[in-house]
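Next come two complexes built around chain A: one with chain B, the other with chain C.
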Partner chain A sequence: MTDFKINHREGDGVSVIELKGYLDAHTAPQLENAFQTLLNSEKYNILVNCRDLSYISSAGLGVFMAYIEDVRKNHGDIKLTNLSARVYNVFDLLGFPLLYEIFKEEREAIGRFKVRPRS
Partner chain B sequence: MKLAFSKTIESRTENLRAVRELIGGAAKDFGFSEEDSSKIALAVDEACTNIIRHAYHNRSDKNIEITVYAEKETFEVRIIDSGDSFDPEALKPVNLKEHLTAFRRGGLGVHLMKTLMDDVKYRSVSGRKNEVRLTKHLPQ
Partner chain C sequence: MSIKKRQQRRDTHKPVRPTTVSSAEILPLFEFSQIVNSSLDLPFILNTLLLTTMGKLMVSRGLVMLRRDGDIFEVVSAKGVSSSVAGTRLTIAEPPRGNILLHRMTTKGSDWISFLKELQQAVLHPMISQQRIVGFISLGQKISGSGFEKKDLELLESLSNISAASIEKANIVEELKAANREVDRKLQQLNTLFDLGKEFNLGLDDERVVRLLTFSLLGQIGVMRYVVYLRQNDELRPVAVRLDDRPPLSEALTSLDSLRRPALVSDLHGDDQFKFGAASLHAIGIEAAVPMMIQNELRGLILLGKKLTEQPYSQADLEFIYSLGNLAIISIENVRLFREALEKQRLDDELKIAREIQQGLLPQTMPVIAGFEVAGINVPSSQVGGDYFDVVKKSDQEYIIAIGDVSGKGMGAALLMSNLQASLRALAPFESQLPAATSRMNDLTCANTGLDKFITFFWGILNVETSTFRYVNAGHNLPFLLRSDGSVERLDRGGLILGVMKTLTPYEEGEVSLNVGDTIFLFTDGVSEAMDENGNDFTEERLERLLLEIRNASAQELLTKVKCDIEAHARGVLQSDDLTMLVVRRT
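Up next, the complex of A and B:
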């Protein structure tokens, strides 16, 4: 059984990361690698679709915190979409809605990135 | 309090999911809602993660003892490790906005545990061990 899976696709000047399963201290390094790979390729418009994310702990949230500064320094952003109520609740308990834009659907989020490189 | 069960795991992050399932199931059997059971399981995940990372510095061959006590309206999880001790009083109260804005990592787990549970207590136990007690009461 796979605990956690990441799917990555590109489109419309935005890198979309889809998360599936359980994001905890065991699986957080996979998300770190995914963010690091995007930053290495100078991709700073990152949309994280959490539709199939069943669980998140602070170890997972820590990954978002670790990369947001670098991403914004480069005029990009990490935006989140499709959070389940349970996952949103953990984000909310730690005050993440103050710092991250969270949308219901991908299409709402895509239009909100500031710099849109030509695809 | 009455002992419900006890389990010792190795200090490996791949054990976290099984711990969550064990504790979440026990909390549900005790009478907590699905939502509250998930909160208790998350708090225990946070405690074990802190032990693995900070008490054992990611060594995977150490033990974590998890014991559940349940009586009347009270569900308590006691987690014992023999790693470096942790002084939660040394942590400043978390001002979330400041904390998040400063992009600091770590420290959020303890805040989350305190938010999810009714009571969180750290203490030293015999044999140079550390214990954290996570307590939650059934809603009235």
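Up next, the complex of A and C:
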């Protein structure tokens, strides 16, 4: 079985999702569930840290695409950080940098969400 | 050529004619050559070329065009003129191989000359690398107002040609990069197909397959609006919808039924066959339709809206989506076939049990009855009909002889038959009144079964002392009584089929006395309705003729002969119903 893990933490009005391992057709539903859970609890500021993501397939990319409209409709965003060269290449090939903001580090991304919920 | 000279040539790409360039200008030329040759960045090379020439020749306007296809040249860099000219494409038929002073040219018939003149260009020079014109550099008037001298034009030629080689090199690198990216993209597509193929092999349910399919459409192609249809009960049903409008009406889809290849909606407009469907798809922003095929049959359809990039769908996109769709539909089909196989296996198992139940209910050995021969046979069909026969000793003098046929097949029939046997065996020892017993069996059957279940049933009591046979026929095929003198009687007294309604009118009892050589032949409809390959029944008439011919045979022989004749009649045809016969003969 392919190895894939999702870690979720909350901080500073932003939900951080850390991806680890292989995100492909088999594991894509896990990411889908993670996004759905955030949306269900009305958390729309989503930062996906890809530091330990070693592979992403187009089904994996599709999950990002499937949720971006809903998230932005609610004034949130999905931002990506810490992409490895290999993973970035796949994002780039399919034209993702046009649609998603991609940052080197989490702290750069965190300041860029529009609406900050009052804490 | 000496090694040294060859080395020189390679270094400069295009020999600069040293005799015509003064020594004071060689050094800057060498520097320029080093700068542009060390770069693969096209914009940088062009910028350096323009700025160097404009600086050297004191010109305030200039532009560079690069060759695209054939005689088409595109303005890629401009200084001192409106930046909006970048991207302008000009056709320069028979491009000049030497410099051209534009004020000497007539504009007649040449758009490109008037275009350059409008931009106040004065001189045009080709950039030639390996005999090929890769582009042009064009300059405006010198700021000093003086005309271009010979040495100016020679410098322009040198700079142009040095740049030409670098441009060519940068172009090749760009092409390689583009080709590499295309290979990467293809690889990514293959990975996607592989990734999904692997996952689909796990035998996912339809919903999950469609979900993964849409993720791949979203991720790989950047399709943000789509509908996926699957054919269910001969109708295309939307199973995944991401649209701003309602999905198209089924009439629109019907016209796409004969779509066999992926197609752009804009192409379908021109096809009479698809025109109607295309119009309604276009109305809701659908740009392409991709069929999902199994053996040349449309089993699903993917409708695609605008791509995220707003680019039109390329043939390669459509082919990829077509592969993806077919992968998905095959997986869905495989799961369906697997489920069907499982269901068939389950039915087969059930039939096997039903057959075991049925066979267990039939008498394993026939009782020996003094002065009589009894023989019975049951040949079950593959479906397991509900035939039943029994011979039960009631007392020293009396034996119960019974035959029945339960409606339906399989497990249901077997269970009802087992019910029948249970009530017969329970009632037999105590009940000597056949009509009353039949009424009770009918009422029991009515109470225990639904409207669609019934039993044709015949039973009688053979008294061996008096050689009489009393019977009740509840809607069963009339048994034959074959008299030794060659006459035939049918045992027809009785009443309604068991299980249809509660007993209102009592069953009638018939009685016959049996002489030596008389034979009672009982059978189920599997005998008279055995079909030949043309669909013709064996028929009771044929059975009667046969029985008359062989009426003097022993009970067992009689059975065997009838069975042989039926087999001859139904040769090569699958037996569709149980076949049951029972013979009682007075010896």
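Definition applied: the second predicted complex is superposed on the first by the 117 of 119 C-alpha atoms of A that agree within 3 Å, B and C clash if a C-alpha of one lies under 4 Å from a C-alpha of the other, contacts with A are read in each partner's own complex, and residues count from 1 in each chain.
Everything below uses one rule, namely that a residue touches a chain if its C-beta (ideal position, glycine included) is under 8 Å from a C-beta of that chain, and two chains touch if they have at least 3 such contacts.
If you're wondering where the values come from, they're calculated on a predicted model, not measured in any experiment.
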{"item": "Touched partner set for A:60, first chain B, second chain C, both or neither", "value": "second"}
{"item": "First (chain B), second (chain C), both or neither touched by A:69", "value": "both"}
{"item": "First (chain B), second (chain C), both or neither touched by A:90", "value": "both"}
{"item": "Partner chain(s) touched by A:3 [first = chain B, second = chain C, both, neither]", "value": "first"}
{"item": "Contacts of A:98 with chain B and chain C, given as first, second, both or neither", "value": "both"}
{"item": "Touching partner for A:26 - first (chain B), second (chain C), both, neither", "value": "both"}
{"item": "Doubly contacted chain A residues - partners chain C and chain B", "value": "24-26, 57-59, 61-62, 65-66, 69, 90, 93-95, 98-99"}
{"item": "Contacting residues of chain A [partner chain B, same complex]", "value": "3, 22, 24-26, 55, 57-59, 61-62, 65-66, 68-69, 86, 90, 93-96, 98-99"}
{"item": "List of chain C residues in touch with chain A within their complex", "value": "181, 184-185, 188, 191-192, 195-196, 198-199, 208, 211-212, 214-220, 222, 224, 308-309"}
{"item": "Interface residues, chain A side, partner chain C - complex", "value": "24-26, 28-29, 57-66, 69, 89-90, 93-95, 98-99"}
{"item": "Chain A-facing residues of chain B, complex", "value": "13-14, 16-17, 20, 35, 38, 42, 45-46, 49, 52-53, 96-97, 99-101, 103-106, 108-109, 111-112, 115-116"}
